[in-house]
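One structure below.
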Amino acid sequence: MTGHSRRRTRGRSAPELAIGTYARLDRGRGARIGVPEVVLGEGKTVAHLTGIVRGLARAGHGALISRPTEAQRAALRRLAQQGLPLRSLADGRLFRLEGPLGVAYRPGVVALVTAGTSDVPLAREAEALLGELGLRVATAYDVGVAGLHRLQRAVRRLEARRPEIYLAFAGREGALPTVLAGLVRAPVVGVPTAVGYGRGGRGEAALAAMLQSCAPIAVVNIDAAVPAALFAAQRFARR
Amino acid sequence: MTGHSRRRTRGRSAPELAIGTYARLDRGRGARIGVPEVVLGEGKTVAHLTGIVRGLARAGHGALISRPTEAQRAALRRLAQQGLPLRSLADGRLFRLEGPLGVAYRPGVVALVTAGTSDVPLAREAEALLGELGLRVATAYDVGVAGLHRLQRAVRRLEARRPEIYLAFAGREGALPTVLAGLVRAPVVGVPTAVGYGRGGRGEAALAAMLQSCAPIAVVNIDAAVPAALFAAQRFARR
Amino acid sequence: MTGHSRRRTRGRSAPELAIGTYARLDRGRGARIGVPEVVLGEGKTVAHLTGIVRGLARAGHGALISRPTEAQRAALRRLAQQGLPLRSLADGRLFRLEGPLGVAYRPGVVALVTAGTSDVPLAREAEALLGELGLRVATAYDVGVAGLHRLQRAVRRLEARRPEIYLAFAGREGALPTVLAGLVRAPVVGVPTAVGYGRGGRGEAALAAMLQSCAPIAVVNIDAAVPAALFAAQRFARR
Amino acid sequence: MTGHSRRRTRGRSAPELAIGTYARLDRGRGARIGVPEVVLGEGKTVAHLTGIVRGLARAGHGALISRPTEAQRAALRRLAQQGLPLRSLADGRLFRLEGPLGVAYRPGVVALVTAGTSDVPLAREAEALLGELGLRVATAYDVGVAGLHRLQRAVRRLEARRPEIYLAFAGREGALPTVLAGLVRAPVVGVPTAVGYGRGGRGEAALAAMLQSCAPIAVVNIDAAVPAALFAAQRFARR
Amino acid sequence: MTGHSRRRTRGRSAPELAIGTYARLDRGRGARIGVPEVVLGEGKTVAHLTGIVRGLARAGHGALISRPTEAQRAALRRLAQQGLPLRSLADGRLFRLEGPLGVAYRPGVVALVTAGTSDVPLAREAEALLGELGLRVATAYDVGVAGLHRLQRAVRRLEARRPEIYLAFAGREGALPTVLAGLVRAPVVGVPTAVGYGRGGRGEAALAAMLQSCAPIAVVNIDAAVPAALFAAQRFARR
Amino acid sequence: MTGHSRRRTRGRSAPELAIGTYARLDRGRGARIGVPEVVLGEGKTVAHLTGIVRGLARAGHGALISRPTEAQRAALRRLAQQGLPLRSLADGRLFRLEGPLGVAYRPGVVALVTAGTSDVPLAREAEALLGELGLRVATAYDVGVAGLHRLQRAVRRLEARRPEIYLAFAGREGALPTVLAGLVRAPVVGVPTAVGYGRGGRGEAALAAMLQSCAPIAVVNIDAAVPAALFAAQRFARR
Amino acid sequence: MTGHSRRRTRGRSAPELAIGTYARLDRGRGARIGVPEVVLGEGKTVAHLTGIVRGLARAGHGALISRPTEAQRAALRRLAQQGLPLRSLADGRLFRLEGPLGVAYRPGVVALVTAGTSDVPLAREAEALLGELGLRVATAYDVGVAGLHRLQRAVRRLEARRPEIYLAFAGREGALPTVLAGLVRAPVVGVPTAVGYGRGGRGEAALAAMLQSCAPIAVVNIDAAVPAALFAAQRFARR
Amino acid sequence: MTGHSRRRTRGRSAPELAIGTYARLDRGRGARIGVPEVVLGEGKTVAHLTGIVRGLARAGHGALISRPTEAQRAALRRLAQQGLPLRSLADGRLFRLEGPLGVAYRPGVVALVTAGTSDVPLAREAEALLGELGLRVATAYDVGVAGLHRLQRAVRRLEARRPEIYLAFAGREGALPTVLAGLVRAPVVGVPTAVGYGRGGRGEAALAAMLQSCAPIAVVNIDAAVPAALFAAQRFARR
């Protein structure tokens, strides 16, 4: 369930880092697949999460912690006060453990677009993560399809930055990635967001609509901003 | 399950028309609610459907028959050959039994728009039904959201006809009614169509997306072209 | 995701109003599509929502805020105490920011009907919104189909007001719009409500039943009182 | 999966009748629970079904066969031609193997009501089964809720027969049992039918609506006309 | 949504009792359909519920209040302290407003059976309601199918009471009503309960299993103890 | 997707057998995991399936072919006529390619039980497969829970064979494995079968009920007779 | 719903232990089916649960209590303080009431494997339960399929312990049991865990994936660690 | 619904090509978004599809036709016999209309991997399409996760080709893309295939598992081989 990474020369050192009996970090992941260690908070006990973070810090690894719960966030802040090199990003939706991430990317631009204001906090997660990886982002938020002129103007501005990939965040009817993909030349990845009520709410309609898109887009799961950002980043991974 | 109608001066004659023990037609429906008799074919036995049509013809009622199955279509054609005043419309997706429908409408225009070519046969059902009711239609087909310029040009052309209501047919991601509703001043009714494969296919994603629309549209069920046309027509019913 | 509107003579002034980097209001929406700015509260952070409201107020726009969460409601009340022209409607389920809404309607009556007492708070949202738009409403609440005489009497009373459209709110089995549509001449829009427990509860059975209605009704999503009211209002929009 | 029955004095003879290695009929079921042997056709191989019917005939049991497939129907007709005492009922939707059913009922009336014409073939299954059991039925078909006067007149006629239980068949929005239960004094059992297309079609909306009914009805599964008739019959079983 | 009843000689007095603009009680329901007024708490605002109870008390009606929320329960207790004739039943899962219920039943026994201990609180709701209606109950709780001897012994004890109908409560795999129906002569109504976790939990598997039962049982919705009890009671209603 | 196996001394010979570019058989599977090669027919083109079978035969492997479609069955019969050592089992629901399967089991008994006659063809698949593997089976078919005495007698007979594991096949409400697991000492694996109509039909209710069982059973997917038999067989695999 | 057990010589003493009117414990279960009494906490009232525990203690039975809620946990701790022989296991996710469990097992090893750290608390429930039954466990946690080398090393270590059955815990995509079953010779039971967000989250995707496994595994319900452990234990039950 | 493209110098000629009233091809799509015209067959009438193909041919456009139905395939073959430059690809699952596609790509390699033999026909669609676009493919088929060594060997072979993106096709449990993404450095797109029976069959489990993947993959809809190939190709589009 956890992601793991570390800069290492191939083959050197033990390939895993055992933490208690409950975690086994994959030290070679960054070098092997070009994606840093991202520890998913949600679902782990606070004790397990803090144990993992301490273990990584002790071993000198850098990492990111995604989707922390309220209790985990408090525990991570306590660890930071105790001197662990932890920073809160994107209003506490992401944490960064300082240290090498074991990945290297060529320069490039990722465009982030949201349909509404409600999708912005998720886009900020992607923005923060891509920033930590040294990639540049170009953003246009609240440019949904009910007012096309907003979108068309935003597209002109973004295209000037020459992004190599677009992440399009949308909840409710999830039409943005489809409309966007009819306007731009770079691949578009749809990120459905858990916005909306009633039938198809919580991102279900958006996900289904993106899967049914008449444009050739790919998608990630509902609210999966971090996986989307990693998928985008992998494009820039140096071999 | 069946709809029934007949022109009658209010209160005159028996309010229902019994056909065998299996059908009871509501003779006052047209005058009461402004919607003609439409008999749904699908789901009925061929014997029941032809019995109803014969009964209506004998009583001098006009009616429409929607969604006939292949077997029902053949049976209706045989009835026509035997002299019943039955006409096939929209490539046999609708049949018209000649005779008074018991409804009266003021003049008006309904705009019909489809996202793709696959939605056209359903739109033709609505087109034919509205034509039988004496209403005018303005159409723009295959103007989906992956190529916005097509849609924007179509909207300009349709708006010149000053439609009072739009029916927007779309399958797959079902984005057309939402985008359209951001461009026009008349109410938009979304008609999801059973187009698309995989998850959310057969109109499920389109329906969910239309229910989640960030524009104030109303919807009908998947492939419900005839109910949508009747809902639109009711707006023009004379009191 | 947000709706936006503003009175403007066509083409005058910048077409959007940017608020921070997270919101871009569509200033021409009211004039273009005949629907006022309604900002959906639920799903936005409190900071984003109050930022949008302040931005609209500063720019002299009027608007409505729908489905505020408890925390948003408290924040809106604080803004009102600080002098922003904000009023709570329908027991705080809707807020009105004073100022021009950019829309104009001809006079007309919308009928609102509920199946039960539990549906009344939602109907009150529609009632309040239509009132702010200057439209008249005729209401009959708790007239569900388990006691037909209640409904039949209510219909006689409402028809005397000559409504041009009906909004019928029902949870549980959602039969009201179907029965109502067999009794009245104006179009009926079903609004399923999240009432009921067990299978099909939270409005799911009501929505499905309305989509399957043997009468030609249109529907909106579960609890979508505000979109239903806007759809009804659009009928009266002056061109 | 099969139902089984046979007249026997309590405790006498072997309690089961083995047929090949694939069927074991419960000879005491009729006497024990007041319900006759009904063999469900659908799902069995033709060889198994005909084996069971031959075995029952050889042992002198009577039985009913429900939901035969097209191939099973042909096989049963061949058995009848070979002299087995088999009769087709309800247009071949039910077969009767002559012989004692092992059940005894006091006299009584069951009312059968359908919303539409499409529901009639299912109601005929119940009608035929109840007839074989010696119970009386009162019927009113195609009296759905879109034309209330039809239903109200039908109820008056049926109530004059003093039925002790109602079976109400409805597809699509499934509102009939709810409305009916607000009008009559006997218990109402809803039988959803697989009528309708799009979302909630094939009886799904009808079933959900009946489960959500605001009237105290009970329900059976979609198209379960025979189980509904047996449930009704059990009320009249002599102890 | 609400149920309503009152003892009245047929035709006497106004047929409905309006309470504010939000409730309209059906005064003739008890006499018409043989079921008392049961007001569903859940889903109503506290103000609406207490308004209805006060209105009924003022008009001299008796009633039951089902599924009160925690806040409603507190409000009902306050009303009782203020002198309204309200009693809490079944650990506060049901309340009784004293006064005539407008229904009359012949004597009879209803058997209540639960599969587990977790189903007992729901069975107690039915027990209390049937007691208020003057019917007798015979109970056997925690006699699920994983230990058949428990069930077989319980059945012998219950059958000695000669119940005319069984209500069988079961969550999880919901097998109890099916097994029970193979053992007893009276009709069995399954009441799925929201017991169980994981897939099919919250009563979904139990409901589906009961609908699929190979025995001829009828079912009500998940946790619908009160509708089940009313359905059972109706059997004993005097005409 | 395919399973693959072959007798080999560990490490000897190439670990995979490539057939065209479309199949790569895992030659060490039998020795490694104690399960023979079973090629799933359904889903493959006829050309691919016959190619795989020819390839296996040419390489001297034995195998089983499960769930062949009608067209595949015909093609396999043609291969047999051409001299390939192929035998049809269980009425053509399974085929055996003669040759070593690469597995070895200690002696033991598997008990197979079905709720109804409709489940027997699936149980026969398991019976045939276990027979090919040299394991013994004890069977009791059509002993469902609506007649407990049948089941109790069958259990006594089966227990005398001292089975080490039970496979319990049931469709519809799927109660058999739960009731059985309360009676026997060996582990019970539930095999839901696609028997039943309406909601929860096609095995969905049976699967959910087995997952919710209040007895500690394990389950396989709907109609997964072959995987269930392999799971049972693995218990007897020699190390 | 509850499980029940007790050591007894066959046939001796009353077969059930009644506690109030709400629980009836099956005293012979352990001896009959080889599984101890495990009382499911969740779903029971606190009063019922403590009543059952007191009743068992008074009768001298041992038992386990699974899935206690927070309130039940507090109540059980109070009972322990009052002197009942209750111990908390697995961080309070399981409680042990001291006393004979009525079961006896031959020695053996069960392997427990988890895909991630989030699955560990569930695996600990199984670990604790198997320990109470006197069985040995071999564990490897956080060895999911995104880093195969971790899994391959863990398998070598576990196989050295010669486990007779594997329980593989995995949430999210649930691939672990499938991959594991391709590597080991003992049967694998998949335990999907409620880990993951968005579509397929809360264990739904993991369960579906395990049911669809191309390896012959069996599964239990989401989070059903205790049923999985009992299923595994039954393999070692002495007859 | 249809995709459309054509080589054109920017701004030259009319932007759409109208065919009858039912199709409007987007002539600038290829140049604008780097994706050729692909006409989806399935869902269109034969007359509409052949009309579109003739129209494109007449206008000198090249195109691809995907997912033709059996009837459409026959019609396309007749058109080819009449001289239209149409070629069948991938066993008739794709057709190529000769002529310029309006797109240009830099050289590059796409890796195609399937879990089983059943997934191969879909992978062949992608193979054929990428070939028509001038891109190179590296393939490894039937390398699913139940035999890891097959996959690990395949990965080594593919990596030597230095693919920039992987398309991983898998049905049933859909684990392949997740395991693959833990082994390779290029981004992985999962393509769930409609392989498998029972719950989660027809690709539903595979899709859910891919969305839940603990590796950062993106996905397309079930069987969406062509959209996946277009998404991959877009990466190589020249600006």
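Labels A, B, C, D, E, F, G and H are assigned to the chains in the order they are written; within every chain, residues are numbered from 1.
Just so it is clear, a residue touches a chain if its C-beta (ideal position, glycine included) is under 8 Å from a C-beta of that chain, and two chains touch if they have at least 3 such contacts.
Treat the numbers as computed from the prediction; the structure is a model and nothing was measured.
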If you take the chains that touch subunit C and keep only those that also touch subunit F, what is left?
D, E
Furthest chain, CA centroid comparison against subunit B:
G
Self-contact between copies subunit D and subunit E, residue sets same or different by half
same
Between subunit D and subunit F, what's the gap in Å when you average each chain's C-alpha atoms?
36
Express in whole angstrom the distance between the two chain centres, defined as the mean CA positions of subunit B and subunit G.
57
What whole-Å value do you get for the distance between subunit A and subunit B if each is reduced to the mean of its CA atoms?
46
Which whole number of Å gives the spacing of the CA centres of subunit D and subunit G?
43
By the touch rule stated above, which residues of subunit D touch at least two different other chains?
1-3, 29, 115-116, 144, 146-147, 171-172, 181-183, 196, 198-201, 204, 207, 211-215, 221, 224
Pairwise, the chains that touch are A-B, A-C, A-G, A-H, B-C, B-D, B-H, C-D, C-E, D-E, D-F, E-F, E-G, F-G, F-H, G-H
Tell me, which parts of subunit C touch subunit D in their complex?
115-116, 144-148, 152, 171-175, 178-179, 181-183, 196, 198-201, 204-206, 208-215
Tell me, which parts of subunit H touch subunit A in their complex?
1-3, 29, 32-35, 162, 181-187, 189, 207, 211-221, 224, 226-228, 230-231, 234-235, 237, 239
Mind pulling up the subunit H residues that touch subunit F in the complex?
115-121, 139, 141-144, 146-147, 149-150, 153, 171-172, 195-201
For a test of understanding, state which residues of subunit A touch subunit G in their complex under the given definition.
1-4, 15-16, 21-24, 26, 29, 40, 42-45, 48, 52, 67, 192, 194, 203-204, 207, 221-224
